[in-house]
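Before any comments, here is the structure.
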Amino acid sequence: MTSPSHPISRYPVPDLAELPEDMRTRILEVQEKAGFVPNVFLALAHRPDEWRAFLAYHDALLLKPGGLSKGEREMIIVATSAANQCLYCVVAHGAILRVYEKAPLLADQIATNYRKADITPRQRAMLDFAMKVCTASHTVEDTDFEALHAHGFTDEDAWDIAAITAFFGLSNRMANVTGMRPNAEFHLLGRVPRAPRPA
Amino acid sequence: MTSPSHPISRYPVPDLAELPEDMRTRILEVQEKAGFVPNVFLALAHRPDEWRAFLAYHDALLLKPGGLSKGEREMIIVATSAANQCLYCVVAHGAILRVYEKAPLLADQIATNYRKADITPRQRAMLDFAMKVCTASHTVEDTDFEALHAHGFTDEDAWDIAAITAFFGLSNRMANVTGMRPNAEFHLLGRVPRAPRPA
Amino acid sequence: MTSPSHPISRYPVPDLAELPEDMRTRILEVQEKAGFVPNVFLALAHRPDEWRAFLAYHDALLLKPGGLSKGEREMIIVATSAANQCLYCVVAHGAILRVYEKAPLLADQIATNYRKADITPRQRAMLDFAMKVCTASHTVEDTDFEALHAHGFTDEDAWDIAAITAFFGLSNRMANVTGMRPNAEFHLLGRVPRAPRPA
Amino acid sequence: MTSPSHPISRYPVPDLAELPEDMRTRILEVQEKAGFVPNVFLALAHRPDEWRAFLAYHDALLLKPGGLSKGEREMIIVATSAANQCLYCVVAHGAILRVYEKAPLLADQIATNYRKADITPRQRAMLDFAMKVCTASHTVEDTDFEALHAHGFTDEDAWDIAAITAFFGLSNRMANVTGMRPNAEFHLLGRVPRAPRPA
Amino acid sequence: MTSPSHPISRYPVPDLAELPEDMRTRILEVQEKAGFVPNVFLALAHRPDEWRAFLAYHDALLLKPGGLSKGEREMIIVATSAANQCLYCVVAHGAILRVYEKAPLLADQIATNYRKADITPRQRAMLDFAMKVCTASHTVEDTDFEALHAHGFTDEDAWDIAAITAFFGLSNRMANVTGMRPNAEFHLLGRVPRAPRPA
Amino acid sequence: MTSPSHPISRYPVPDLAELPEDMRTRILEVQEKAGFVPNVFLALAHRPDEWRAFLAYHDALLLKPGGLSKGEREMIIVATSAANQCLYCVVAHGAILRVYEKAPLLADQIATNYRKADITPRQRAMLDFAMKVCTASHTVEDTDFEALHAHGFTDEDAWDIAAITAFFGLSNRMANVTGMRPNAEFHLLGRVPRAPRPA
């Protein structure tokens, strides 16, 4: 689906067949749900141990229950990835955000300027905190936690916001350095009624 | 098409019927071609004299012949608007760019990080110059013109790049201050084969 | 008046005699009032259609009635031009500001650090808003309008401040890219009692 | 060892006894080698699943063979942590760097300004790349890889540099948000001949 | 000369008569030459010991022989003071620069954007180095000295450029914090043929 | 003590024996107290007049009585020097701070992120003001003085904070440009109980 002139990574990308069983199984599951294999699974598979740790961290943050909805977690990812100018994550997680929130305009809004997005004041406070963690975490102080509390967020929610921001800051940097290319499918996903659901 | 809770501007938006004849005629022409009235025509119509000067400037830069293709001019607009975090212009001109270039992925690429976009080295040099004009025009010097010449651009092309960047810097600031909202149609335009063509 | 080693623009500058009638008429009127032709009229005349749009926009913002005095509009221009490090506009509009306000020190103050200028708290709020539009318009929000209201500015005044800032941001970028040189006369204008009045 | 007025984290810190077996075992191993439990092991243990993923990622990057020495990996960590102003990581990994390199002055040099540090030109190129990944990963391009190749680094080494930088960017943000406090022992470790070796 | 509503400093300003003999003598000498007492002599006299050290440093840098002309030293001061947005120093040293160089336009040029000033390539290299010292001295390296050497500057000249930049960085900060106001006379000095010479 | 491959300055360093009597006397006094000659005394001695002015200024700020303790003055120096990434001053004054405050961890804390340091709210306000003077002195206004007053600081204390910050900004720039190297002794001083006292 990606033309030879547009490799999905600057680094070698393994064939599914070559991968260890646990990796191939996970990737096939994702393909089953999403209808295609998101390129991040293949590009990072160049380093199996890091791939496993990456997905374990990802799952620990995104599959756990907690005070943030799935859509809110994706809002944080899109805002962080836009701040870090990460093409892969803005496009891929923008798609997931549109699907989760059933909001076809929301990802473009948050990626361009989250201050103008159609979100609640609570979500705005969440993204203000995430942006502080993303761009100047050394200035986070008690008053930042108090601002979250004022919107009903707990300290555990604050950890979640910070950890998602920090983890995708790692992801953004790896995608930027490897030149990771988003699957073309993500650009359209969730923009029209009949688009398929992601994993 | 825009719900009452999402006004297209912080300022009063005139009805088409109230507008002077020349403005209404232009707007109806755009509607005829695009299938809808881009919100910028209505939001800026709050100030008719400024609206007329804005469109005269716009037309002087975008309708003239020259060394830059229509698609390249839109690339400059999308890159500038992303740097200025202008939701209206990123979304509306992203749509026009997709249509002109028949490249459904290109606007998302340029809006997120033009360094990773599927563009030619010549277009990359064009956007590097545009970004310098956008963010640090006081540092533009002879070497910047030489870098453009090396890619076959003339001094007149350099003026075009600079003027488009500067004009949309104005547009971005007005859109940001008025809270101008892009038409929902723009988000999807040019992403799928049968989308309508813009004006 | 400008020595050959100091051209007023990197681009060709047309002779008055070559210009279309409407442009020559406007320029001769300015010369009549000011005693000399400000170089911006000649440098931008390289592109007649853009020149006409530029002046139409200029006049729409600076000749209209409104809540901002002529001197206050020039304060915005000087502050914006200093932030964008535009030599032409700092010097030319600094001169006009001195003349309008009969304040020989004011332009130097605003160009260096408007926070230390001899202006009213209302004018300070005006320039704070202008600087936000100039440097980070994507962060303009309701609270910025409220800060202006607290000093008696209306939303229409806010539009005026923003539009003047945005328009001269365009002007600053064109002057920086073309290497536009201010007339020597501007440096002295309004600094001593008998200086001539500008257009 | 930490006084009540100086908690090691803003979040609850579990007792060793409460922790799952795998976590307690690992922590006791570290304590055995280092002579104390580095606070990061306890502070992040508040979230066991994230803790496990964090350590798996850490081990995948720092325990693997590769073109970077153990000391060079710590140089990257100290430089990144200084750029992110992370007290925990600057102090803890500064200590480890001193021990690995048997260079009591090196960590202070790199933490303050790596350009003045007693390192080789190859290590300087390594840290220049790391700092670009840390602060502006969206600008990483082919020329950055070429600069590394010129010093004998392979593309795999580039991945290692980037991944260590990115992973500790995550660690820095979590330490900053949780207010993680370095063990007092780290401040002195490796500064004098008889200091104990870390894990 | 300064109206009561415009104090020359936020701090108490001593009367000449109250000052110790050595300070009064120096100030009267300056007044004799310049025709007025520059406000910096009075504002900083609030702290006699610091005043003496300040002037000793000033004299050591500006009265010594060396590879930089008096005018070039003032160029550095104006560029540095503009970068630090120090009203007092831009206006006062701008005046001295105009007088030394008999160049009525030069100070406005350097204060706004030294890249557009009527200076030699050698002076441009001098100001590029000064600006690096002013804004990012930790990045100064061998290549910066080599760039100066290419224009005929020695290492001693480099020290002079750096020391003048550093000393006026101190002066700028004190003037900004004390709200030091330039004498009105400075604004006009050197702009017209018959203006008096400064000290 | 410094190996030939690590000169203490890019510039020639005079022998003690060659120095004028007053300089040698002062240096020997410092050596007597500290047990070694801090390199700044030798590196700056390359320019005797500047050296004398430098030390006069230093003494005027650091030896005078006033509202700031000796330790607090060193906190300002360490924070300023870290912001300016000056290796010499961070290491040398970090040592002095540890000794004065008998706080072996404090210098590392302030050098990395003063917001996380073990200091009082009053000291935090002091460092916030110092950092504003250090990085954006043109924005200092009445409210900054009021913030200091709220913690019991007088206007004279504000002058002290500003002057120490400004003076060490000068020192930092000279150390960065000359590549001044801290004595190895400073790295360890004050970290263990029996370390010698500095001058």
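Chains: A, B, C, D, E and F, in written order; residue numbering restarts at 1 for each.
Basically, a residue touches a chain if its C-beta (ideal position, glycine included) is under 8 Å from a C-beta of that chain, and two chains touch if they have at least 3 such contacts.
Computed from a predicted model, the values in this text were never measured in an experiment.
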### Fewest hops from subunit C to subunit E - one hop per pair of touching chains
1
## Note on the structure
In the contact graph of chains, the distance from subunit B to subunit E in steps is 1
### Query
In degrees and to the nearest 5, what turn takes the CA positions of subunit E onto those of subunit F?
180
### Chain whose average C-alpha position is farthest from subunit F's own
B
### Message
Centre to centre, using CA atoms, which chain is the farthest one from subunit D?
### Response
C
### Rounded Å distance, subunit A centre to subunit D centre (Cα mean)
25
## Note on the structure
Distance between the CA centroids of subunit A and subunit C (whole Å) is 45
### Length of the line joining the C-alpha centres of subunit A and subunit B, rounded to whole Å
28
### Query
Just curious, how far off is subunit D from subunit C if you go by their C-alpha centres, in Å?
52
### Summary
Where subunit E touches two or more other chains simultaneously, the residues are 85-86, 113, 116, 138, 176
### Touch relationships between chains, expressed as pairs
A-B, A-C, A-D, A-F, B-C, B-D, B-E, C-E, C-F, D-E, D-F, E-F
### Complex interface listing, subunit E residues touching subunit B
113, 115-116
### Query
Within the complex, which stretch of subunit F touches subunit E?
10-11, 46-47, 49-50, 52-54, 56-57, 59-61, 64, 84-86, 133-134, 137-138, 140, 145, 155, 158-159, 162-163, 165-167, 169-174, 176-178
### Message
Quick check on the complex: what are the subunit F residues that touch subunit C?
### Response
138-139, 141
#### Entry: Interface residues, subunit D side, partner subunit F - complex
6, 82, 85-87, 90-91, 104-105, 108-109, 111-113, 116, 118, 176, 179, 181, 184, 187-188, 191-192
